[in-house]
Amino acid sequence: MDFPPSAADCISPLDYRFWDPEIAKHLSPRAFLRRQIQTEVALVRAQAARGLCPDKAVSEVTAAAGQITWEEVMIEEDRISHDIQARVNCLRAKVSDETKPFIHRFATSYDIIDTANALLYREAAQDLVYQRLVVLVHTLLDVAEREAATAQIGRTHGQHALPITFGLALAVHASRLNECALNVFENAPKLRGKFSGAVGAYNAASKQLEDPEAFEKEFLALLHLKPAEAGTQIAPPEPLTTLVSSIVEACGVMANIADDMRHLCRSEIGEVSESFAKNQVGSSAMPHKRNPITFENVKSLWYVVKERHGTVLSTMISEHQRDLTNSAAGRFLPEIFAIAAIMAKRLNKAMAGLVVHREAMARNLDTARTSIAAESVYTALAAKGHPNAHEKARQLAVKSREIGQPLMNLILEDEEASKYLADTPIEQLTPTPGIAEHKARSIIAVLRNRYVW
Amino acid sequence: MDFPPSAADCISPLDYRFWDPEIAKHLSPRAFLRRQIQTEVALVRAQAARGLCPDKAVSEVTAAAGQITWEEVMIEEDRISHDIQARVNCLRAKVSDETKPFIHRFATSYDIIDTANALLYREAAQDLVYQRLVVLVHTLLDVAEREAATAQIGRTHGQHALPITFGLALAVHASRLNECALNVFENAPKLRGKFSGAVGAYNAASKQLEDPEAFEKEFLALLHLKPAEAGTQIAPPEPLTTLVSSIVEACGVMANIADDMRHLCRSEIGEVSESFAKNQVGSSAMPHKRNPITFENVKSLWYVVKERHGTVLSTMISEHQRDLTNSAAGRFLPEIFAIAAIMAKRLNKAMAGLVVHREAMARNLDTARTSIAAESVYTALAAKGHPNAHEKARQLAVKSREIGQPLMNLILEDEEASKYLADTPIEQLTPTPGIAEHKARSIIAVLRNRYVW
Amino acid sequence: MDFPPSAADCISPLDYRFWDPEIAKHLSPRAFLRRQIQTEVALVRAQAARGLCPDKAVSEVTAAAGQITWEEVMIEEDRISHDIQARVNCLRAKVSDETKPFIHRFATSYDIIDTANALLYREAAQDLVYQRLVVLVHTLLDVAEREAATAQIGRTHGQHALPITFGLALAVHASRLNECALNVFENAPKLRGKFSGAVGAYNAASKQLEDPEAFEKEFLALLHLKPAEAGTQIAPPEPLTTLVSSIVEACGVMANIADDMRHLCRSEIGEVSESFAKNQVGSSAMPHKRNPITFENVKSLWYVVKERHGTVLSTMISEHQRDLTNSAAGRFLPEIFAIAAIMAKRLNKAMAGLVVHREAMARNLDTARTSIAAESVYTALAAKGHPNAHEKARQLAVKSREIGQPLMNLILEDEEASKYLADTPIEQLTPTPGIAEHKARSIIAVLRNRYVW
Amino acid sequence: MDFPPSAADCISPLDYRFWDPEIAKHLSPRAFLRRQIQTEVALVRAQAARGLCPDKAVSEVTAAAGQITWEEVMIEEDRISHDIQARVNCLRAKVSDETKPFIHRFATSYDIIDTANALLYREAAQDLVYQRLVVLVHTLLDVAEREAATAQIGRTHGQHALPITFGLALAVHASRLNECALNVFENAPKLRGKFSGAVGAYNAASKQLEDPEAFEKEFLALLHLKPAEAGTQIAPPEPLTTLVSSIVEACGVMANIADDMRHLCRSEIGEVSESFAKNQVGSSAMPHKRNPITFENVKSLWYVVKERHGTVLSTMISEHQRDLTNSAAGRFLPEIFAIAAIMAKRLNKAMAGLVVHREAMARNLDTARTSIAAESVYTALAAKGHPNAHEKARQLAVKSREIGQPLMNLILEDEEASKYLADTPIEQLTPTPGIAEHKARSIIAVLRNRYVW
């Protein structure tokens, strides 16, 4: 087996440009080896708990587990061409002959691998992906709170619609992302371990144990796992598929946030921009130089992660008691967790430093008022029974724009309109952000209450 | 707007070859119109409940709802080029002038559409997809119970591994599919309605109602829906995305079952076959003519439905308070529910009529015994401390095959082997299906208990 | 078999909302039946040409082909449950007993189906998809020519960059789409027919013909097709996969055009808008009401068609001499051609009627000048050897914006800058659209010359 | 920027388990840097050729190019946070002050990046992917030739159909793969470079050059590239998308081959197996232990690579003169080339060492004869005008199997059958492989003639 001499020789950008030690801690082959070793130790402990092996075996294998390295396992695998056996050999070489037989006892390779995978992905989902999503949710809530009352023109179809507040827009994003994060959190512990042997019938264990299902439960309980209700050589792939789906959905929401922000950064809109390094603080006068590269980056990673989901769906199918066509593909699975974690961290940094140009928001909203006011007028005219309210409002709006006069002035001057709207309070004729601020604050409060920090 | 003069002029096979009236009942544009009308009626009822409109309006609009047809709405849409307004116009045309203003009051189009979609897909998920999945689960359980004790050679990598029972194989499938079905069932009621207006800030309603959020709740409660925690012009797409994911996962399990079965139908394996029409019952003598076309068909539909999931992921992103890029794509969403329903019905029929060739299962298992017995012997030798157990077992197996003698005979004749295995009970040397039958029966019992019919 | 009583009962929007008789003419099951019949007639003609059957058979089967209907074939299929045999039976029923044996002679079902598919998709690609793409290319060229000299601010990262002309932007789109259209056109005739029998070894034909490969060639030549170099029961799927890829790429370019346009429609940008119906011509005063629904629609259909490509990739795999898992999925293939055709037609209509707001383009470019001028100044300063050109330019730009004076004035007033730039011609300091107009016109000329209408 | 301390800390299996120095040579960030440097050198050479800079600049920059390392560029990027500028700085630091201005002159970042990408992917496609595909094609041809006459039962729907030869099956695969390889080869040189500046209008260059398009051509010609017909800040993505499509199609054919082989390895079929290491040569007696892990691996990598294609399709869309959402995703593009290369190498090794069990092929074919003979008999009876040929043949086949007598014997004994078939030659009644051997040999000859080695 060859290895890249340096990051410069890697193929995946996850291993040079986007590499992150915290992600590697959870998702590297070294981390996976750690989970396998942990599983083997639990297997010996489960035997000891039943009196199937001496307690000495537990202490020996625990000590051995602390010494084993990925590198020595690779050397052994190179020698014997079998990854699981290589690991077992390395572990056995570090214990006494009496303890050797209790290592990997009753086990088929996938009893260890699938159980270790459950540990790996549960932890990666909860301690890496979920954690970063929650940090991002709270950043969104912080900005949302700060901007809860900042009026902004709402946009549908990219067109000015009705006012909202920028805080509401962000609170909505936070709410969506929070739901996704909760799904990740709740789906992670649904991963299942297994100890049902080569074809799921407990063939080997049943020859030496009266209640192999009970032993499976005891063993897995040491790892805080439950057994799958039923399986073959492998545990059913659905819980992992569902977990991945929830992570991918979280990525979709992050992409949506990134898209919204980068469009608000457009030169003509200019309502927000990404923050810049310290010595550039003064350059708010040249906002056109501030490319929304982090938001673009997050959107781009969405294109990457979305498709990887399809690979996971494909590997749901394994013939009979299993074929190996899920194996190579499964080795790429950590990438999905890694990309989600990268997206969350990058987006969090960009949102935490987001520069909000309130004057631009005010200006854009102001520009919008004339055209959108026509809708309030139309509504008010209709409420008063005007027979052709929409056309009347449209004519007034056209005139307002043509002669550059506020719509309200024209209404006062227009005999017919002023008759209909005489007793309509002015605020009924003015587009307002509805209950945007209130809604933003109540969402923020609800979400904040869900977490204890 | 043009319409196909006959099924022969349709483009999608869902509308000619695979068309199914029960599916159309839940998922056609006619069904969607029904859900929209139902939503409009609920809106009037919610007003009446608050005293915002006379009770007469409720009875009028309810009567109107019963008379409206898809065809008249299409004619109106052709005239005015606006689908929602067309429906509103048709409804208003059937009520008195006093009632007209209460129809669609405060509403933006998507208040109705997203709410109607929640109704449509909740029902399609629960009453169509889930129902058919449950029927299939029970068919699988029936066959699993009948074959709970039918020994079969387990296969990994397509190679003979260790024995199981065919009932266990099917029970595992039933267990997996059942989990998916439950997910579909549980995800369906998480769909949310909305009545928060054009940009999610309750702009219009807040001008005339003090508590537009309370009104939203009352209105949606009439449809047994809850409002989304937060939204824009549209409800957050995640609940629907999650529901679709669970449906697609169910399709994956069905594809796995179909794949397993069609391989068991292979001429050389011949353990099962699809049933044939009555006058062909006797043709078990020509199994090669029995192509597993239903299983192939189910696998093929998996290729179709799996990819459509990607479209749903893409439409999670909608700019600002929404763009329309989810609209056309969303119209294709019923296809996913329809294909899942077709797969379930077809697979159910094939599994209900599955012909199990027990003699072939016995023959294949028997053929496997010699080679797989080597594993039991190896295990037993190792348990007794043989220094080179694997090689010893391999040599005996080679010899067994070469001279055509059962492995057991050779062991008795072999001085070394018989010494080591003298007090090993014969059943330890014989490959058995472990606890396959017991496991199958306990899975079946657990699953059966989950449903009350 | 059940059929939808009306379009209101269809499942796919391709069969109600998006249905188009021209598309159905090329891609419906009726069209496919026509291609199969045409193939069967060619088979009889090929026999007659060799003297293997009387000429009478040709005239009889040609007459029969003209009478057969999709409806009668469906009735027959319902009776015998075999789609190809049903068609053969209907055809045979319309000819004399002497002619009957020559119909479908030597053929396996897929000799007819794959050959008919080659005809169907070749025609749909060339006469439907390609034609509509070419129409769209020419519309783009027309608008590009009209706007060849219309200066517009170029945008990268959504930020003002350097000037181009709107005509160049459109010419680039036309060039990309044209390449895709040419690929579609060139890939279509690479589809292959086949007449190599049930497993690709000409088993049946070789028993009665000395040179079955020659006969295959003669038969296919009558349909202007060539045989695949090698095949199984089916022709290799790659030519069709490649054709679909080129169609999907064309859709990607259309989505890019649609995306560009809908962003140019944004309220703050307002450089273009979709045209509206006649009685709305006057509403240019309320551009915010002009939602870019066609552009949004085209983008949305991209989300649909992109994923369907994955299904085609999946069905490239067929076990041994074929399994049937490509069959149901293959029936959905016409959807890709149909969606591409719909996108092309809709986008063409929107581009042909595109309203270009040149005053908005001029205004946006003008707004951009101050900030982007800094770049020209920076470049010029650097060319003259200024030691800190970028910072100098930045300071001038900041000042320009702060005091609201044109950058050029400040340069003249600034001692240091005016010293460095004394002999720099003013046009070197002014951002210009480079050779945008020239480039636009030369692209247009090249593309126009490629087609003879 | 952090880097993984060891392969054990990488995330992507492409960088530990599947890492391959030959792949890294073509596709690593180090390789990409080399291509960028090569492009910068060409830019100086193009200036010198026009007399725009002294010849000394060429020799200086060429020398500098030979010294630059990826590591120093990374250190510089870490300092200034701009990847392209970092590279330019490192290069400039190695030349005289007179030469400095000619480096990167007129260029926008993507003039260099897109041009370097064209070099990188053209080379990776032709020198890595295509080369490995051709090696595999020739291995397939070698085995096909060896097995050209080896009769095998053809299989459709996994059911025994009619005989072929194993050589034909492989020749068909070779033919399909060869077409894909040729497409890769032909699509690679269609990649285009660019030197049209920041928005595709040659803005900067046009200020100092009279004919910037001619200069672009001269510059690119030094790299054996042509300019894109039209572009924005970036070259049109379609040529790269098409190239990727052809690579993905090649992967699909490889997956099909792998699938066929792993099914032929099934215990019950046993017609082929993967070769094993030397000390396992004797174990042919235990074929059940020979898992087709390489074939499974290749199929699994197909699941990985197929979906990555969707990412490439997504990045076809870039707003206006470009956004950056293709950037991060584009960094993952080398993975597709790498996975294709891995699949080709692994599959080639497995096919080169493929163990063909001719006795098993003969046995399976023999088993098939009884059932499939019924078809020949049916055909012959029909040809002689038997009124119910199919039923007659079926009855004889049933009887044949029931009493264990060859079908031919029964025909002779059966009064009715022998009457009809009296003068039918026996070979008409026997299933034969048609012209399988001839077809195999002619395909092999044609394919061999296409290459000069």
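We just call them A, B, C and D in the order they show up, numbering each chain from 1.
Here, a contact is a pair of C-beta atoms (placed from the backbone, for glycine too) under 8 Å apart; a residue touches a chain by one contact, two chains touch by 3 or more.
Source: prediction; values computed, not measured.
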**subunit A onto subunit B, rotation angle from CA fit, given as a multiple of 5 degrees** = 180
**Request:** Could you see whether C-D or A-D has the larger number of C-beta contact pairs?
**Result:** C-D
**Prompt:** Using the average of all C-alpha atoms in each chain as its centre, how far is it in Å between subunit C and subunit D?
**Reply:** 25
**Message:** Averaging over Cα atoms per chain, report the distance between subunit B and subunit D in Å.
**Reply:** 34
**Request:** Could you tell me the distance, in whole angstrom, between the mean C-alpha positions of subunit A and subunit D?
**Result:** 33
**Message:** Could you pull out the residues of subunit B that touch at least 2 other chains?
**Reply:** 155-158, 262-263, 291, 293, 296, 306-307, 309-310, 314, 323-324
**Of all residues in subunit C, those that touch subunit A in their complex** = 153, 155-160, 262-263, 265-269, 282-283, 285-293, 296, 310, 364, 367-368, 371-372, 374, 394, 397-398, 401-402
**Request:** Within their complex, state which residues of subunit A touch subunit D.
**Result:** 1-4, 6-21, 23-24, 27-30, 33, 70-71, 81, 262, 277, 291, 293, 296-297, 299-301, 303-304, 306-311, 314-315, 323-332, 334-335, 338
**Message:** Quick check on the complex: what are the subunit A residues that touch subunit B?
**Reply:** 101, 154-158, 161-165, 168-169, 171-172, 175-176, 179-180, 183, 196-207, 212-213, 229-233, 236, 238, 241-242, 245-246, 248-249, 252-253, 255-256, 259-260, 263, 302, 306-307, 309-310, 313-314, 316-324, 379, 428, 431-436, 439, 443, 446
